[in-house]
Structures are given as C-alpha cells and as structure tokens.
Amino acid sequence: MHTIPVGVLGASGYAGRELCALINRHPALSLAFATANSQRGETVTLPLGGSVTFQATDDVQLSSAALIFAALPHGTSAEWVARARAAGAKVVDLSHDHRIGNGASDGIPYGLTELRRVQVRDAQVVANPGCYPTSALIPLIPLLEQGLVAPQGTVHISSASGVSGAGLTARLDLLFGEVTENFRAYGTGNAHRHLNEMRALVGELGADAELCFTPHLLPVARGILSTITVPLARPVDDAIAMLRARYAGERFIEVVDGLPELRQVQHRNVVRFTARPVAGTRTPMLQLFSAIDNLMKGAAGQALQNANLMLGLDEAAGLPA
Amino acid sequence: MHTIPVGVLGASGYAGRELCALINRHPALSLAFATANSQRGETVTLPLGGSVTFQATDDVQLSSAALIFAALPHGTSAEWVARARAAGAKVVDLSHDHRIGNGASDGIPYGLTELRRVQVRDAQVVANPGCYPTSALIPLIPLLEQGLVAPQGTVHISSASGVSGAGLTARLDLLFGEVTENFRAYGTGNAHRHLNEMRALVGELGADAELCFTPHLLPVARGILSTITVPLARPVDDAIAMLRARYAGERFIEVVDGLPELRQVQHRNVVRFTARPVAGTRTPMLQLFSAIDNLMKGAAGQALQNANLMLGLDEAAGLPA
Amino acid sequence: MHTIPVGVLGASGYAGRELCALINRHPALSLAFATANSQRGETVTLPLGGSVTFQATDDVQLSSAALIFAALPHGTSAEWVARARAAGAKVVDLSHDHRIGNGASDGIPYGLTELRRVQVRDAQVVANPGCYPTSALIPLIPLLEQGLVAPQGTVHISSASGVSGAGLTARLDLLFGEVTENFRAYGTGNAHRHLNEMRALVGELGADAELCFTPHLLPVARGILSTITVPLARPVDDAIAMLRARYAGERFIEVVDGLPELRQVQHRNVVRFTARPVAGTRTPMLQLFSAIDNLMKGAAGQALQNANLMLGLDEAAGLPA
Amino acid sequence: MHTIPVGVLGASGYAGRELCALINRHPALSLAFATANSQRGETVTLPLGGSVTFQATDDVQLSSAALIFAALPHGTSAEWVARARAAGAKVVDLSHDHRIGNGASDGIPYGLTELRRVQVRDAQVVANPGCYPTSALIPLIPLLEQGLVAPQGTVHISSASGVSGAGLTARLDLLFGEVTENFRAYGTGNAHRHLNEMRALVGELGADAELCFTPHLLPVARGILSTITVPLARPVDDAIAMLRARYAGERFIEVVDGLPELRQVQHRNVVRFTARPVAGTRTPMLQLFSAIDNLMKGAAGQALQNANLMLGLDEAAGLPA
C-alpha cells in the first residue's frame, strides 16, 4: 500500500516518541526519519510496542518527508520550521515558537483543531497548541463565544499535570524518589508561559475576562486535569446541553455527565469534560472539569489530527478516540 | 514513670491508628484502650512501629481514661462524646458532629489550636477541625483578621488530598488499581461538608467573603495541598512577613519562602505555607499555597496537640514537628 | 459489515472489562451481551475508551452468541460452561475450573496458544491459562522440550504481579493507601494454585523438575515479571538463539536481548523475555526474565487469541502486539 | 546539654540526608558539618523536618568532629577515610571501599552490628554493610552458623529495592515517568557488587553454599524485600523459634510470624523477617522473607547504630525502632 512519508525532528522526547508510535500504527503514513542528536544511532522501544532508530538532524533529507513534525525545544524550533518549509515539506510545530501570545505567528494558524479546522486544512505550517491551553480552552470556548463569561470577571484555572509534561529530561526534581507520594504547585503567580497563549485566544474571541492559572505537578506519568471556575454574565440553564450542542459531531470531544478522570483519557486523543453550577454564591458561577492526555490531545495526538487535515486524510486516521 | 491514661474510640481507621501510634511514643501518655468493634481481638502493626490490640466499645471502661479521642464515624460520635463526659473523661472529638457550621456546637470550642488555644485549654470537650479546613484556614486567618479579603469577593480554594482522607474503607473506587495514575475532582459544586465549617469560621471572624471549594483525589497515601486565591481589599506589600508575624512563636506553623510540597509535611504536625502575588490582574490578588499531613495536623496530630493542652502538658509533647 | 456475536459472562471484573474493550475494537466480532449480576443495568467506561452496559446472567440468551467468554469466579464457572455448550456456543473459560492440574479437564485443551494451537483450533471449549503460568511456561517450554533442565533440579520462579491480578474486589489490603510504596510476598510455601498448573504442564512435557514458586504483590496496576532460575542438565551456548528458534514466526512472543520491563508489555498481548547465564556457580544455571500484561496475554488477550482460532479468524485479529 | 560533634561527608545524597536528619534529632550528637561539593552553600529540607546547609569538603575542619560518616561515592571514599583518621576522627564508611569481598579491609570490621558488635565497639573505622547484604545476611546467619544450609547447595536471593538505593542521581531511567507502573530486574547474571560481600561473609562463617542473587527495581521510594530460598542440610522443626532464639534481646531485629511488608519497616532501623517451609519438594527447603528500609538499617540507620557503639553511647540512641 502506498503511504505518505513523514518525519519527526526531536523524536527522543516524550512527545516525539508518542508521535513515532502513532505514525508506526497509522494506516496511511510511514516514518521517513526520526531525529535525536544526543541519541543518534540508538534504537528505543516505543509505547505500546514497536521501535525507532534515531538519526542526527543533519543526516536526514528534510525533502524526503511530505510533512514534518517539529518536536524540538522551544526557541530552537522556528529555525527548523523555516528549513523544512524551504525543503517543500509541510510542518506541524509542537513548540510554542509560533503560537499566539508567544511572538510572531506570521499568519500561522493556531492548531486547536476544533476551533481552526478550516485554516489548518489549508496551512503549510501549523502551531500545535500547548497541553494546558488545550485542556482549558476547549471547555471555555463555548462560554466565550456566547458572551457568558462575566465582563471583567476572573476565570480561575487550576490544573494538574503528569510528569511527562516536563519532558524526558534528567532533572533531580523529576526523579521517581522525589515525585512519588508528592504534589506541589509550580510556575505560580500567573507566570507560566501557557497563560499568554490562553489570554491571546480569549482576546481573539472578543472577551475581556481575566485569567488566573495555577499549574501543579502530579505523581502520574501522563494526563492533565483542569478545574476551571467561571463567573457568569447570566445564569445558564443547562450548561452541559449547550456544550454538547457546540461540539456536536466532534469525534475527539466528549462532553459527559460525570466528573472526568485521567484514566478515562490516557492514550486517547480526546478532551473529556463536564460542567457543574457552583452553589451558594451571590452571582452565578460555573465550574468546568476537563481531562486530557497531555501527550495525545495535548501534544502528539492533536499534532497528528492536524497533520491528517493538512494531508487531505480523514481527520481521525490512526488516532485512538 | 507515671503516665496519664487515654483511650481511643474507633481506633481501626487511619486517624485512629495514627493516634495509637502517637500515644505509644508519647512521653507522658499511655493507651488505656483502643476500640474497633469490627476488629475486636485483632492486633495490628502501627505506622512507624509498635502494635495495638482492639477491643469492643462495650467492653471498655470509659472512666479508666482521663481523656478520650473519639475517632468514630460522623453522626455516631455525639452519643459517645456524651457517654465519655458522663464517665468523667475529657474528649477530643475527631468527627464533625460538634464542629462549627455542622449543627449544635453546645459551647464546644473548635479546636484549631493556634486560633483557639485559650478555649481549648479549659475545655472538657473539643471539636477537632476537618483536614481541608485546617489546611485552608490557617493561611487565610491572618488575611481575614486584618480585613484584607475584598468584601463580597470570592476566595477560591482548590485542594487535593491523599486517599487516607477517605478513610480505611473497602470501596472499589479507592482500590490501588483505580487510583494509581489517576486524578479527579469530587464533591463538586460547592457541596463538600467541610465548606460549612470554613464558611462558619470566616463568618465568626467578621468577613463577608464567599468561598468556592473544590476537592480532588490524589494518588498518594497522605497529605493535602491547598491552593487558595484571594481577592484583596488592598495591595499587601510583604504578605509573607505579615503571615510570619501573625504566627510568630508557633511551633507547628511554617511560613516559608518556597512553594510547599507534600513530602515536606508527611508524618509531621505542621501547616507549611507561603504566599505569592498574582501578576497581571486589574484588582490585587494573592495566592496562598499550603501543605499538611491530613492524618497529622489534619486529624490525629492536631487532636493530640489539643489533648496536650487540655491535660496541662507541653503542647508539643509527643508530636513530630 | 457482518460480525460474529460473542458474549462475556462476568464482565465487571478487570479481565471481563478488558475483554469487552477488545471486542469493541475487534474488526470481526460484536458484543452480544456482557453480564454482571451485581451491576446489572450499570454502564461503565472501558479502558482506552468505549463503554458497556451490564445485564443479569439470567436475562441473556446464551444461544445468541457464537462464542462465550466465561470470566466468572473460580468454582462457579464450570456450570456456566456446560450451559453455554448446551446452548450451542463455543466457550473460552478464563477460570481455573478446567485447567490442567486443577481437576477434571475432560479433554478440554489448555489454551497456552503457542503450545496447543492445533487443539485450540478444533475445540468447543478451551481452558485459558493462568497469568503466572503463562509468564513462566512460555520461556521454560523450550528448555523442557530439549531436556535442558537438570533432572531432579529445582526451578525457582520468583514472580511479581500488579494488583489487577487480584481482581476488582473491595478488599482493604488492596486499597491504594495500603499498596502504594509497599511490596510483599504472598501465597508462600509453594501454596499458590497456579503452581499445580505449572507442575502439570512440566509433567506433560516429560520433565521431572521440581518447581518452587513465589508470587509477590507490586504497587502497579498491571503486569507480571517472572524471574526464573533453571539448573541446566548441560551448558547452553546461545540460549537466546535457541529460544528464538523455538518461537520463530510467533507474533505474540518477543525474545529480546535486553532485560524486559513491565512498561514494554502493558496493553499488549505478548510474552517478552530473555535469558542470562548465571556466573560463578559449580553447575550451569540459566536465568529467564519474562514480562507480560496479566490482563492481556495473561487473561483477556490470550482468551481472544484462542477465540480467534476457534472461530476461524486470523489469530491476531483485534489484538495489539 | 553537651553533645558530641559529628560530620557527614557526601551529605547531599539520600543516605547523607538521612544521616543529617537522624543526627538533628539525636539526643547526644550535634552536626559539626555536612559536605556536598556540588551543592555548597545550599540549604535543603530534610526528611521528617529540619534543614541542613552544605559546605565544600575542602572548607571543613575534619578534626572538629569526633566521628565522621563518609557517604561518598564508591572508590573515592577510602582516601577521605584516611584523612579523617589522620585528623583524629573515628569513621563509619558507608561506601564499599573497605567492605569484605571488595578489596583490602585492613582489619576494618564489617559493621553488620548484630554480628560484629564487639569489634565495632573498639574500632576506629567501620565499613558499613551494603543494603542488600544487610537484608539477606541477617536472616541467613542463624542457618549458616548452625550448619543448616545444604553443603554445595545454592541459596537463591531474589531482592527488590526502591529507587533510593540507586542514589539521588539525575538518570533518565530513574525519572518518575520511567519508573511508575514499571518493574524490572537489573545487574543480572550474578553480577551485582553486593554479591561479593555476601559470598565473603558466607565464607567467613565456614559455609560452602553458593549464592544466586537477583536484584530488581521497584516503583517505591524506599525499602528492600528479599525472598531467600535455602536448601537445607536437614529438616528444621520450628525455624521461627530458632531465628528468635538467635536474635533474642536485639532491639533492631524483628522475627515475626506474618510475611513482612515494606510499609512495616519504612523510616525504621530494623530487619523484619520470617521463615516458611517449602511444600512438595524432595529435599527440605526453607524460605526467608526479609524487609528493611534501605536508607535506615540498610545505610544511615545502621551507620548511626555503629557510631553509637563507637562513641560509647546507647546503641539505640536516636534510632527509631
């Protein structure tokens, strides 16, 4: 069977490996190359089976791939995106180098697929969203679009992520002995980079809501749970029905009645969420509870979802939903 | 050496066992009895060594103890508190039967020790605070006392607790296979019982702030981390200094510069917390980050701290700080 | 597309749910019914997505399924196997009721697929092997077949299993708070039921080796690692090559050079193993290291592998390898 | 109160920090210095409370300490032991540089306290045993002393350790994301360094038994469980009684009836073990199950136990049993 060759730059990290694993199982794609300078020549076992051998970035022909996933460190990605374009390849950039709220996006669409499907389909380059923003924005967007967030109100986003969000890096504070039986906040004081991304999108949707974002580090390998508290402009009768209507037909959005858990989304390319009114407050408030797999819908999965669109394939090809 | 006999009712749960372990190592107390009807006659190993043999509640002489810890299920505790008093014993009640915000407190002080030390010292019965309220109120109290919380503002309390907070009960959703690599909210919509307790205390301190409380279940055995976001009535220059001044001399309160972690408080009878301004909001906001061991300062440790006071002992006797 | 209807009896346990999840994703099977008396009418989310609604066992038509998986408690399974046969359905029995070494097998083949493929293909009923025996026997069989195990020598099998091996049962000793950061042996003194099964198969293969089997409980959800020490009848030059030759062409057997880890086999229907000589002993010894997912190749996966054969399908249909 | 000054070289690792924590709580010792070249000037929080500030090794006066704990990397320790002796300090060396079976011991006693108490008391330098040997030798010694191990028989030691045994080093394979939900053997083929130590001691006790030792890596922070299978020279009627008699009066040895678990020994300076006959074998075999905290009785705790003896203090001073 004829397959489309794709490449992965920066394949040795958690997101890069996940991409290689997804491409290996994809019915219409084949892996042209996977680069990792520090591990060139090494063969590693992929999650859920299979293996990949890494090459040095300078040893691969960028033009041998129809589309390239750039899973490189933030700051170094933009240059490689330019090179890949020059070589004629489409690009999904998983870094924040071209994301809204983080400098020049140069007309590159922000690949929150369910919001920007048309632009993604026609793009040469897509900036793949951050994991926290994906978990928080998908539930928030229907409220923002309908003007339901109280003007000048503060939306509180309290998120907790598994350690793979910090990448496959040899840091003492990420050792098993330091993380097990532990929990802590980090990047506090509204200082996390992903906040810019969320604020920029809220602005694009015309809302003047403030955001207060607090990330935490969980003793789990993968998954993000976001608890989002929204001051409402007016009461909402049936928030869940409204959310369902907004995402009707979406294959990777699950609006559910029960509270979502990490276990329900791990290894799946979905955002699973629900809504609950807050009792006993003077002005109406709504809470959204959202779960994603940070390596799937929060990184590699959404990247592949975008790539499928850019390559004219079924959006869901090769993606576990 | 002469020791004071104390008893534990409901000793087979997590808090009860922790109490037995603390009493076993206490320099001035001895364990007169430990009851657990469902496990009568059984001997179990305690955390950090030692063991205890359970008796049936009806088989013990309540009057043989100078002070009794009631670690019974909520709703069944009040009756035993009355019996213990009738038998001449002082009581520390770890249930919420006599806590503020949960029905009749009958003049029984709410044993948040650092706030109610004088009342506790003279009390015959003390209602030991809940774990979540202890973690949230200790950092909040200085702000409430100084009128720093914005009137009619909403204080957001996002907390995460280890599984021992749910007790030693054979529930399928608390099995290792269901909790590991998982995370979820519960008791949402401002519906958790501990919210009443926190609201009542906020009211006692004369503030009209609203509370929005969201608990989560962590894949750890013990510990609570609370992230508390406070809208301020006016800016605060040096919140940490102010918090330190409020708790100067307290041996079980740690106001720190860095962000607290569960590992720093496990097996210790402390509340460890810090404060951080929130950047980029129109009106000033402050975040408090607080860590406790839910079985120590959140239950058995604070109960012993109160018992020490009620018995005229050093408040810190037998307590790891 | 036309699919073959299959049913699951006892679908609410870990193995039963895994079966339902596999059937949901199977290209040629459909789920006719899934029974769980204690949870009749409930709908639960399955691992990796999808859901299933349980019926009472008495409410289903056994004859509506071409093949039935019996994932019932040991001891109660045999009766239902008989009923299912009477209704004209083929059966894969996941209990030990019909396994070798555990009473009357009535000509029912022991479904260690790679050893009994011919018999499984023609069988009306197959006894699906236990999880520990699968992990230990697959690596051992080549040595047994070639007479390499020292006569009257003792083979030491030290195994460690994740908690799902104990089933989805509300036992206090399986709570997260009791299992996390813990490790222990159990079923010691050569007393575990699975030992009979292993001994019986060793006997069938004509060896007179003794077995000493020691299971342990790991703080992980799924996976078994077995470390097997074998006294050799004679030195073996290249054990890995010999093992590879024995299983050449097998799609669910991975003989590897490195030491296997649980992570490499979770959610996959494989036995992954290697061999290492033991240095510095008077007589030659070999160690085998084997990893499986106890719910996949150790239960539901192997059951489906057998069912595929019994139904004339590709042995690998619907199975992640 | 007058205290004895002691120092810690290499204080930033897991064993070093544990030592500092123990010294901080010790009634008769004070911490003269704690060195860690890579973290000089840093202050870290210790387990169970307190903190320590590290100095560079060259900046401390070795002679300011009456006794020095050397928790330095293997190979670099011997030189510092010599310097400390020259400065007039006694030394407990936690590396294997002076352990039996690992080169020149120079008359330095092997500090398995319960076996070498007299020699330790009079020593200027003591070589603190390895964690695995401590867990395996304490249960085995009574059998070896009484000639109960079958001549030329093989003793199988299957051990599993928490990650702190590998030290506080930034290795990718020790990251939380790589260790959680995982389990694997390592150092296989009888190649682990601790085997030399165990063989040497078996030889000193006059036994000619072979050892086969297989270590595994557990997803827990601390603790070692060893399962030891012993071919017997003759049947033993009541092994537990015999083991209890051997260690009568020992405060850090717990011979128990039930199977030991890691949870029962964490943060305690004990070896907890039991014995079980193996059923159904031609020749008699016995299994020993042993649990220790690798950082306590397996490192810092036993080091302090030895130091107490060397300094003329109560052997149990400052040690949680």
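When the chains are written out, they are named A, B, C and D in that same order, and each has its own residue count from 1.
Operating definition for what follows: a contact is a pair of C-beta atoms (placed from the backbone, for glycine too) under 8 Å apart; a residue touches a chain by one contact, two chains touch by 3 or more.
The shown structure was predicted, so the numbers you read here are calculated from the model rather than taken from an experiment.
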Set of chains adjacent to chain C and to chain D: A, B
Chain separated most widely from chain B, comparing mean CA positions: C
Of B-C and A-B, whichever chain pair has more C-beta contact pairs: A-B
Centre-of-Cα separation between chain C and chain A, whole angstrom: 37
Distance between chain centroids, defined by C-alpha means - chain B, chain C (Å): 46
Whole-Å gap between the CA centroids of chain A and chain B: 38
Shared-contact residues (touching 2 or more other chains) in chain B: 162, 178, 180-181, 219-222, 263
Residue numbers on chain B that touch chain D, as the complex places them: 45, 47-49, 180-181, 263-264, 267-268, 270, 320-321
Interface residues, chain A side, partner chain B - complex: 152, 154, 156, 158, 160, 162, 178, 180-186, 188-191, 210, 212, 214, 216, 218-223, 225, 227, 229, 231, 259-263, 266, 276-282, 285, 287, 289, 291
Contact set on chain D toward chain A in their complex: 14, 162-164, 168, 170-172, 174-181, 219-222
